[in-house]
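Next up: the structures, one after another.
Two complexes come next, and they have one chain in common, subunit A, joined by subunit B in the first and subunit C in the second.
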Partner chain A sequence: MSKFDPNTAKPCLTGRGVTKVFGMGDKKTVAVDHVDFNFREGEFVSIVGESGSGKTTLSKMLLGLINVTEGEIDFMGQPRDISSGKKRKEYWKGIQAIFQDPFASYNTFYKIDAVLLDCLKMTGKGHLPMEKKVELMTEACSFVNLRFAELTNKYPFELSGGQRQRLMIARIFLLRPKILLADEPTSMIDACSRSTILDMLQKLREEINMTIIFITHDIGLAYYVSDTVYIMEHGKFVEYGPAEECILHPKAAYTQRLINDVPKIYEEWDLSTV
Partner chain B sequence: MKNTLRQIFHSPKFVGGFCIFVFILAMMIIYPLINPGDPLERIGVETFSKPGIYFSMYDASTTKTSPFRLADADDKRVASKLSMEDRVAMVEWFGLAEVDVEGVSMDDTETLLKLWDENYSADKKIKMTQAKKKYFKRLNNSIQSLKAADKMEVVSKNPESGENETVTTIDKNAYVNVSDVTNTKILPLGTDNFGRDVLKELVSATRTSIGIGLIAGIVATLIGLTVGLLAGYVGGLVDDLLSLVTNLFTVIPSFILLILISYSLSQDQRGPSTVAVVIGLTSWTWTARSVRSQVISLRNRDHVNLSKLSGHSLVRIILTDILPYIASYVVMAFILQVSSGILAESQLSLLGLGPKTTVTPTLGLMMNWAMLYSAHLNGSWWAYFPVILTITLISFSLNLMNTGLDQVFNPELRD
Partner chain C sequence: MGKIMLEVKDLKTKYITRFHEDVYSVDGVSLTIEEGKSLGIAGESGCGKSTLALSLMGYYFAPLHYVSGDIIVDGRNISGMNPDDVRKNILGNEIAYIPQAAMNALNPTQKIIRFIEDVIHAHDKSMSKKDIYDMAKERFAILGLPEDVLQKHAVELSGGMKQRTVIAISTILSPKVLIADEPSSALDVTSQKMVIKMMRDLMEKGYIKSMIFITHELPLLYNVTDDIMVMYAGRIVEKASAKDMVFDPLHPYSKGLMGSIIVPEEGVRDHKLTAIPGTPPNLKHPPEGCRFADRCKYATPTCKAMDPQTIELPNGRMYSCLMSERKLREVYANE
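Entry: the complex of A and B
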């Protein structure tokens, strides 16, 4: 299914001892605790962990939205430098995100055209004539099965959750980043739209050879879509490796527990033990 | 946007407050057109003339009259002329003369006069001092003349002959239409301690006070908003610094600060706009604090993160991704700031620390004047009560609008 080859792919995002501590003194929370990782070009990585394990915190650090308390991150083989606004802007051309809540991801005061136009501007297409821009936006929308003509001049609240998340993918289509961080992009929408969105992410990855870091609490889903999985527990990676190996032959007890928690359709639920 | 406006104007509370406020504003615009001129002009020579229609006696005496025959006119006239003092004196005499006045009311002019006619005689042997005797004689004379009065002659000196000539005779049943009198003055709220038209002054004062409230509100909101946005969004050291300043200002009661600053300014420096700015400078803290906490809850939202990822600058994110979300809140805070600015000016002026007194009246200054000249002690309610009412109405209408807005913007509060 994927063209990713772990032996030849170059690293694009690596981290050593990445740590995030919130607060101080008694209120100190170590959300991410000395994690090491090596994400490679074209790889579909899943980070799996239960609620509160620090997945979102890690993704925000990777995106450069919050400071790293400790540790180093390399981007495309170079130490990452996001010390100035200009450098951050450059970094964000290479790494983008889709967030968990499609309802909170949009500024409700602006029409959705603005979101797409921003992408064009960011990729240096801001000077193009309007017809050309519309053409590009239409193309991006049709990639995610949306019709730009129907969406233009609408406000985010006039779209369904699935439509909004697809529009977010259209945004990525226009931006063509090296890395996409998807923080539970499907957890707030129904199962049917979920598989559509996952298909679109896969299609997009193949089209622009993008690394996808997919954050989820659903280990079954991770097994289904990813090349590599990282299992996160209390801010630490307890296990990582190729998806088949990790999930079919789990070493960590925590992974085993996550796998056991996945409800199987053919098993009858024993509600008395719940 | 349109929808929100419609919602706002469907909120009865907002509409109620809005109507009152618009009415006050309309008065401020329309009244000076009807009654132009300097609001601080001293028209009265005496202080505290009571509300009513005044017309020139001089002009009225030569104005065309129409005779009316009104049945109770005489009685009313005598009753009004017979002062309380006279009545008390009459009853005193009845007492001395041992006339039975059991059950006769002081206000019953008719019975009193009848009894007096029947009983009074200067020669009656009653034990009293000579002075008292004379006094009652005089009283009798004036009572008799009251009853007998028929016509009044207006006499003026002829400049050539030096003789007194009768200009006109005024008949008892001659009436003058007020609108025919050349010089009349309507004083719906009378005059104040300096003989100034209170209504005119009030309208002008309302305008100045609302202006002061607006300036104070704008200053406070601008500072509070800027500080709150920066502290909340930028965070870190900036937040620590700004929060420190905010807390400092919060710890010192703003009214004390206001008094100190006003006190250190000389009278001449204290124009209405200076006072307004000073009020604004001391009252921004709670706007800053609440804006800060709102911004902190907003800055981690995904739409802000997305905006960052789209390469937007700090200023742009604050303006487009934060400000619109707190705009309704800021409007509400502004309305409250205006209302408290107006109240703060009144309090300051009441202490004599308001704007300097010679330029324009403000609501607070009017209260101050009324108090200094003890309007509340001598019963001149018109000098202070309308002012209190106006202040109350303004702040009531602003707060009502605010509650209305609150209900529209916070659906949880809707009932």
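Entry: the complex of A and C
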């Protein structure tokens, strides 16, 4: 279903021995424990794990929101440098995120057009005439099936959950980052709008050859959307590989358990194994 | 045919907003559940699932108001009852309700056994604490919950354990109908499975006589309930057995919903997910004809003008669409 080819794609974000430790001494918690990864250009990667497995800590490290205790992360083949605020902002031009709660991602006092205008400013299009900007914003909104004319002068709280999340995707469309990190983007919306959001992410990836890192606890969803799946348990990747292989023929006991615990429709769901 | 545990006839309830507008979020719902059966209710957010659950309890508080219709629990009509009477005589021993965030309902300063004493004393003041403890211990053992939970505070329990404890507490009086509104949505898959196992045990061992299970997660519903009803804009658009509903939906809306199922099984990747365009209608001013007409691929001008009647098929299936069963199947086959 995707055009991603693992043999020719160049590495986009790689990590070696990435570790995050919270606390010290007796209270030490190793949230992420020496993980290695190689996300390639145009790849749809899913990171699957239960609550507390370290998915979100890893995503924060990837975004550069928290420091890495140990290990290295390379971005586009070069060591990532986020030592100063300015460099970090530069890095964020290449990596963007969508979070679980779309409402928390907006400034409540900003109108929708202000949100989108900010994106244009970030990509260096701030000097363009207003008509051109409106044209770009309209294009971005129509990409996610929203009508820009109806959104101007509205505040984020006036939109529905699905609309807010779609607007988030319109932002990404304007920013055109190399990597999009999506942290449970569909867990707060119902199944119907979920398909719409997933469709849009796929379309967006094809349009700008973006890497998508999709963080989820829903293994069925990971199987459906991704090229590659990483299964995370207690801060470590217990299994990773192409989605078909990883989910249909799991090797790690943890993956098998996760798959067993999800309700199925074609096979019997075994309730005796709890 | 078993004994009918819950019968609802043409139930209508409304919300009155701050601006004194009426929103009919449950608009003419009829259903019956027999003893030992479970019924699932599916639908997208805002279709009235949770309002239906609240309405079925017969316990109304503003802004929710009762309009018309009958709710008959095991032969007793509770629809016109005073809310206080409902709370004292119906909730707990006839109908039990588990909301989505049930686990947050536990008072952190009290031990679990105190809640059980509360529930029992609300209905029967004569039971001693010792008897209650023994009864609770026995029930917990049967449901696979450790006994020491009874002496713990809510904060000492994990999310899944809290949810299971709440279910055990609310069913301690063996209600006739259990209404569970998304009881496992906030949990991870393993705890979810434990909750489901427990609800199945409750049904099998006869502690609850029938169950209504509300969720938007269709694979879960398929595995838990005997029948599934699909709700749209305050109305029931289709009712069928779980299997028929998932593999052979009739109503175009159910068809769309079933097209959005994702499970980690072979072949699922090759399906194209279907999305239903648009948003549900505003129930302040519901459309005149079929409420789904605006979003329906197969809608004709008649659909927008005429309200479809509920059609009952010989095998007990129900759906409300202007197109006949044969016509619908023809349309789907041609896609």
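The rule is simple: the second predicted complex is superposed on the first by the 263 of 274 C-alpha atoms of A that agree within 3 Å, B and C clash if a C-alpha of one lies under 4 Å from a C-alpha of the other, contacts with A are read in each partner's own complex, and residues count from 1 in each chain.
By definition in this document, a contact is a pair of C-beta atoms (placed from the backbone, for glycine too) under 8 Å apart; a residue touches a chain by one contact, two chains touch by 3 or more.
Worth saying up front: this structure is predicted, and the values here are computed from it rather than measured.
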Request  = Answer with clash or fit: subunit B and subunit C placed together on subunit A by superposition.
outcome  = fit
Message = With both complexes overlaid on chain A, does A:G124 touch subunit B (first), subunit C (second), both or neither?
response = neither
Request  = May I ask you to decide whether A:D101 touches subunit B, subunit C, both, or neither, giving the answer as first, second, both or neither?
outcome  = first
Task = Applying the touch criterion given at the start, work out whether A:L63 contacts subunit B, subunit C, both or neither, answering first, second, both or neither.
result = first
Note = In the superposed arrangement the C-alpha centres of subunit B and subunit C open, at the centre of subunit A, an angle in degrees to the nearest 10 of 80
Ask   = Taking the superposition as given, does A:G85 touch the first partner, subunit B, the second, subunit C, both, or neither?
value = first
Ask   = Hey, is it subunit B or subunit C that touches more of subunit A?
value = C
Request  = Using the touch definition from the top, say if A:R257 reaches subunit B (first), subunit C (second), both or neither.
outcome  = second
Inquiry  = Please give the least Cα distance, whole angstrom, that subunit B and subunit C reach in the superposed model.
reply    = 14
Those residues of subunit A which subunit B touches in one complex and subunit C touches in the other = none
Of subunit C, residues touching subunit A in the complex = 44-45, 188-190, 192-194, 196-197, 200, 216-220, 222-223, 246, 256-257, 259-270, 273-277, 279
Ask   = Within the complex, which stretch of subunit B touches subunit A?
value = 301-303, 305-314, 320-321, 324-325
Key: Touching residues (chain side subunit A, partner subunit C) in the complex   = 1, 50-51, 145, 160-162, 189-196, 198-199, 217-224, 243-244, 247-248, 257-259, 261-267, 269, 271, 274
Touching residues on subunit A, where the partner in the complex is subunit B = 60, 63, 65, 85, 88-89, 92-93, 96-97, 99-101, 104-110, 115, 118-119, 121-122
